[in-house]
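Presented sequentially are two complexes of chain A, the first with chain B as partner and the second with chain C.
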Partner chain A sequence: MTIFAVALTYLRGRLVASSFTAFSVALGVALVISTFLLIRGIKDGFIEGTTDYNLIVGAKGSPTQLVLNVVFRIDVAPPNILHTIYEQLQADTRVDLAVPVALGDAYQGFRYVSTTADYFKNVPWRRKTFTFAEGRLFRNDAVEHPAYEAVLGAQVARQIGLNRGDQFYQGEEMAEYPLTVVGILRPTHGPDDRAIFFSLASFWGMNEVARQMTVKPLTAVLVRPKRLSDLPSLHREFNVAPETQAVLPSSVLLNIFNLLSLAEEVLKMILGIVALVVFLYLFVAMYSATLERKREVATMRAIGARRGIILLIVLLESATIALIGGAVGIAGGYGLAYLGAQIVAARGGLAMNPLVFTPLQFVVLAGVVVLGTLAGLIPAILAYRTEVAENLAPLS
Partner chain B sequence: MCRWSLILACSVSIALAGLSLPAYGEETPRLTFAQLVDSIRANLEVTQKIKSFAGKEVEIQGFIVPAGLPDLSFFLLSRVSSIGNYCCEAPVGQDETVYVFAASAPRISFDPLKVYKVHGIFEAGVKPDNQYGISLFRIRQARVEEAVGAKIMKVGETTASPTGK
Partner chain C sequence: MTQGQAAVTLQGVTKSFPVGNGRDLEVLNIQGLELSTGSYTVLRGPSGSGKTTLLNLMAGISIPTTGTIWVDGTDIFSLPEPRRDRFRAEHIGYIFQTFNLLAAFTALENVLLAMMFVPTLAKREQRQRAEEILGNLGLKERLSHRPHQLSRGEQQRVAIARALANNPPFILADEPCASLDPNTARVVLAEFLTLCREEKKTLLVVSHDETALRGADRILEMTEINRPAEPS
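Entry: the complex of A and B
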């Protein structure tokens, strides 16, 4: 019988206790892995989903609200600006592309985004291009004759089950203005997958207040300058203007990342304590097992097992529990991270893919095995020092 | 004997001082926005002096304007902070903006009011780019760190030498 076989026999002998010990190791590892995967997933989701426009011009207020709503469609829509701001930007010689957007309302939780064909324009600086799985883009309709044609993001079409030609509206007052699906986009793996797009004319036509306004409202204008070096001056101009603010989307996201980093630091401390608790639990489990086994160990010693072999068996047993717990924990961590990502996505939040495989998993597994072996060290020394005569004496 | 020892000691000192001189000369030169502004010609060409730094490692300090992705793999380095709306001089354009391409995503905590030190390979001259548009000054393979106690030169303010010494 090999040393490993003996260690496994020991584990099987205390199957319930060993399973619980491995389970507690797995829980600790799963917590560590899922936390890091989710934090990374959130950051990557923001980076992946962010806009390629360098500047967002909107109404004065919170820059974070403006970016989260206009780019990620997470927060509530900020106050409106006038269409003249868009006209001003469009006429600016420093601007390559200015795209107006108006947000507000939703259908079954999926936000309405009204814009122009420019939003879908293929330009060299855009990381993602829009392509249609079926249908076409909404018509460039006149303000007086809105067409109420809608284009669905891939996730909207998949989840709601609307098809080309279907009509929909949300709320009784909107029954007069049903939107007709004319196109479905291919997945972009970003916030646009969860949006319902239609023209500005349709948006204004659906909105009673906007219908009566001579100068129509917008939520924001997405801006791409011809030269990025003009960005600071454009940013400054629209910020000092009394009615508008200009926001660098990346600047807002970097501030969010700074806050996430603080949370990450606190989580690291908590996870350190969790690791310590798991380590102590493993130590106590191995220690009590060794105390229970003193007679068995003495018997093994009596039939010729060397002290070193006894030491190795206990260490191997401890390391095996840690290995099983670590491996199950890593798998569980990925499972938890996946569930977390699904919950965030289902609540209209960030689209993220936390299932990224990195060397971190191997480092964690190796670390858990080393810690597990260390936790078994004192019990192993205790077993190593077991006296044969003392422990084989009659019990009564 | 004592005299010979003195001569030997002096010779060794001079030789060592000579050896140390090239090392001093190889220190990364520091460019300032004031120098970049001065170098501009009407047709957006840059002077030979600034061009002489092209392809060499330089250091420049400024405020980060996150114009690219929020991983800061690309950003603008500006003389003026991006959120100083009601103070300072207004940023004007090319001459006050350096396009920075990081060697890898910098591990810094971004603060629009902090000055950062950027080391990297300097490029000067008009260059069009599909992704980032036309640029005049660029730093590639950049490494970024916070410049504690740094001073940003105003337009017209001159430095003693390009090395910043």
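Entry: the complex of A and C
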């Protein structure tokens, strides 16, 4: 037999207690891991969504609302701006690319996003590329003859079950403007996976108010300047204009992150308490187990076990529970993070991919094992100091 | 320090325990005692006369207040504790009154555990020896049974096998059959004594059983060898 085999046998001998203890470690670790993964995923999701365009021009109001609504399709839609703003930006020599965006209703929770082919253009500075799993982009139809062709984000197609050629509409009043699926995008792991895209002409054709307007409405224009040095002047110009605001997505992101960091600090404190509770639970479990088997420890000493071996056995038991709990907890943490990401995406619209595996998980596991071993230190010392003759005496 | 041909020698051994108020109670005072190599000695005495204390001292589990104890030519209390533990594992087999088997371990594992502390045999050979000893004690079909799955007689046999596992020259048995019914006690004791005598071990058995007394080379009365000081 080896010392490790002895430790495992003791754990096996109190299988229910050992399992519950390992499970509590796993729960604690899963909570910590999933929280950090989700926080990182949320941050990455925000960064992913906001870094393609340097400027967003929309109506006067809350910059945060504009960015959240236009980029992440969260929050209520801000007031509209006129199409002439887009034309102005498109003609501006400082602008590399201007993309008009109009956000409307939703179909089964998936937001309508009307835009142009430029939104999907693959350019070197874009973090993600758009490719089609099926079909093609909607036509660049004329305002007078909207085609009502729709392109679905990957998650939309998967969840609703619409296929190419299918027609759909939301609400009876839209029955005469059904949209036809002409293309389905591959996953981009961002907010676009949850959007239904169609042309601006189709958007205006479906909207009773817009139909009447001579100058058509937009929600915002996404802007990429030719040179970053042109950004301040563009920002200033459209900010001082009476009907528009220009928002730097990076500054909004900073505000969001500042808010998140407050929540993060509170969460860290709570998780610290959770970790302490788990540590104490493991300590109490090992302590009671050691008290219960003083006689057995004395017997092992009497048949030749050195004190150091006794100490090692108890430490190994504690470390093994921590190892099993830690490994299961890390796997569970990823599972929880995945579920959490699905919920956040479904309710908040922020898409993220928290399932990023890094060697850091091994560091976390090592840390859990070290802490778990420490939790067994006092019980191990208790076992180490067990008096042999006193604990071998017959019980009656 | 080494000592003559006797397997076990006690010289001027006393053991006292503190009883509070700065006072000690002397429970053992044995000026001289020798057990010859290969001898079988039975130790008798009333309850509380110090029999278990004496066995614990001889096993090196308890430290005498004064005196020296030689086992197999070695002053066991001149050894540092870790070496004394190793010495005990190699030279002394101890059978406890209440078996003291480890509940989570099978019969085989209880025996293998004793061998773990004296790793002179390879793992496979350890297993073979453990199986052989248990087989000699009629437990061939019980190797994978845990103590709660064994009868009391079988448990005591496992305890005997554990004591013999490392082939120690000196065996201490503290009322080995006190927990057994008379018939089982007779059978188990007879098997135990046969095995030990065959292997020429030095035996010290605390017992009042007729089977144990029969065939003993010597019967020691605690009241005769132990002269503790009167409590003050």
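Definition applied: the second predicted complex is superposed on the first by the 391 of 396 C-alpha atoms of A that agree within 3 Å, B and C clash if a C-alpha of one lies under 4 Å from a C-alpha of the other, contacts with A are read in each partner's own complex, and residues count from 1 in each chain.
The definition used in the following text is that a residue touches a chain if its C-beta (ideal position, glycine included) is under 8 Å from a C-beta of that chain, and two chains touch if they have at least 3 such contacts.
The model shown is predicted, which means the values in this text are computed figures rather than measured ones.
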| item | value |
| --- | --- |
| Fit or clash - chain C, chain B, common chain A | fit |
| For chain A as apex, the angle formed with chain B and chain C - C-alpha centres, to the nearest 10 degrees | 110 |
| Touched partner set for A:Ala154, first chain B, second chain C, both or neither | neither |
| Which superposed partner A:Met300 touches (first chain B, second chain C, both, neither) | second |
| Touching partner for A:Gly308 - first (chain B), second (chain C), both, neither | second |
| A:Phe46 touches, of chain B and chain C: first, second, both or neither? | first |
| Touched partner set for A:Leu254, first chain B, second chain C, both or neither | first |
| First, second, both or neither for A:Leu392, with chain B first and chain C second | second |
| Partner chain(s) touched by A:Thr9 [first = chain B, second = chain C, both, neither] | second |
| Partner chain in contact with A:Val143 - chain B first, chain C second, else both or neither | neither |
| Chain B and chain C, minimum CA distance [Å, superposed model] | 53 |
| Chain C-facing residues of chain A, complex | 1-3, 6, 9-10, 12-14, 295-296, 299-309, 388-389, 392-395 |
| Footprint of chain B on chain A - complex, ascending | 46-47, 50, 54, 96, 124-125, 225-233, 235-236, 239-240, 248-251, 253-255, 257-258, 261 |
| Chain A contact footprint on chain C (complex, rising order) | 52-53, 56, 59, 61-62, 81-82, 85-86, 88-90, 94, 96-98, 100, 102-105, 109, 112-118, 162-163, 166 |
| In the complex with chain A, residue positions of chain B that touch it | 65-72, 75-76, 78, 80, 82-83, 85-86, 90-94, 96-97, 99, 109-112, 130-136 |
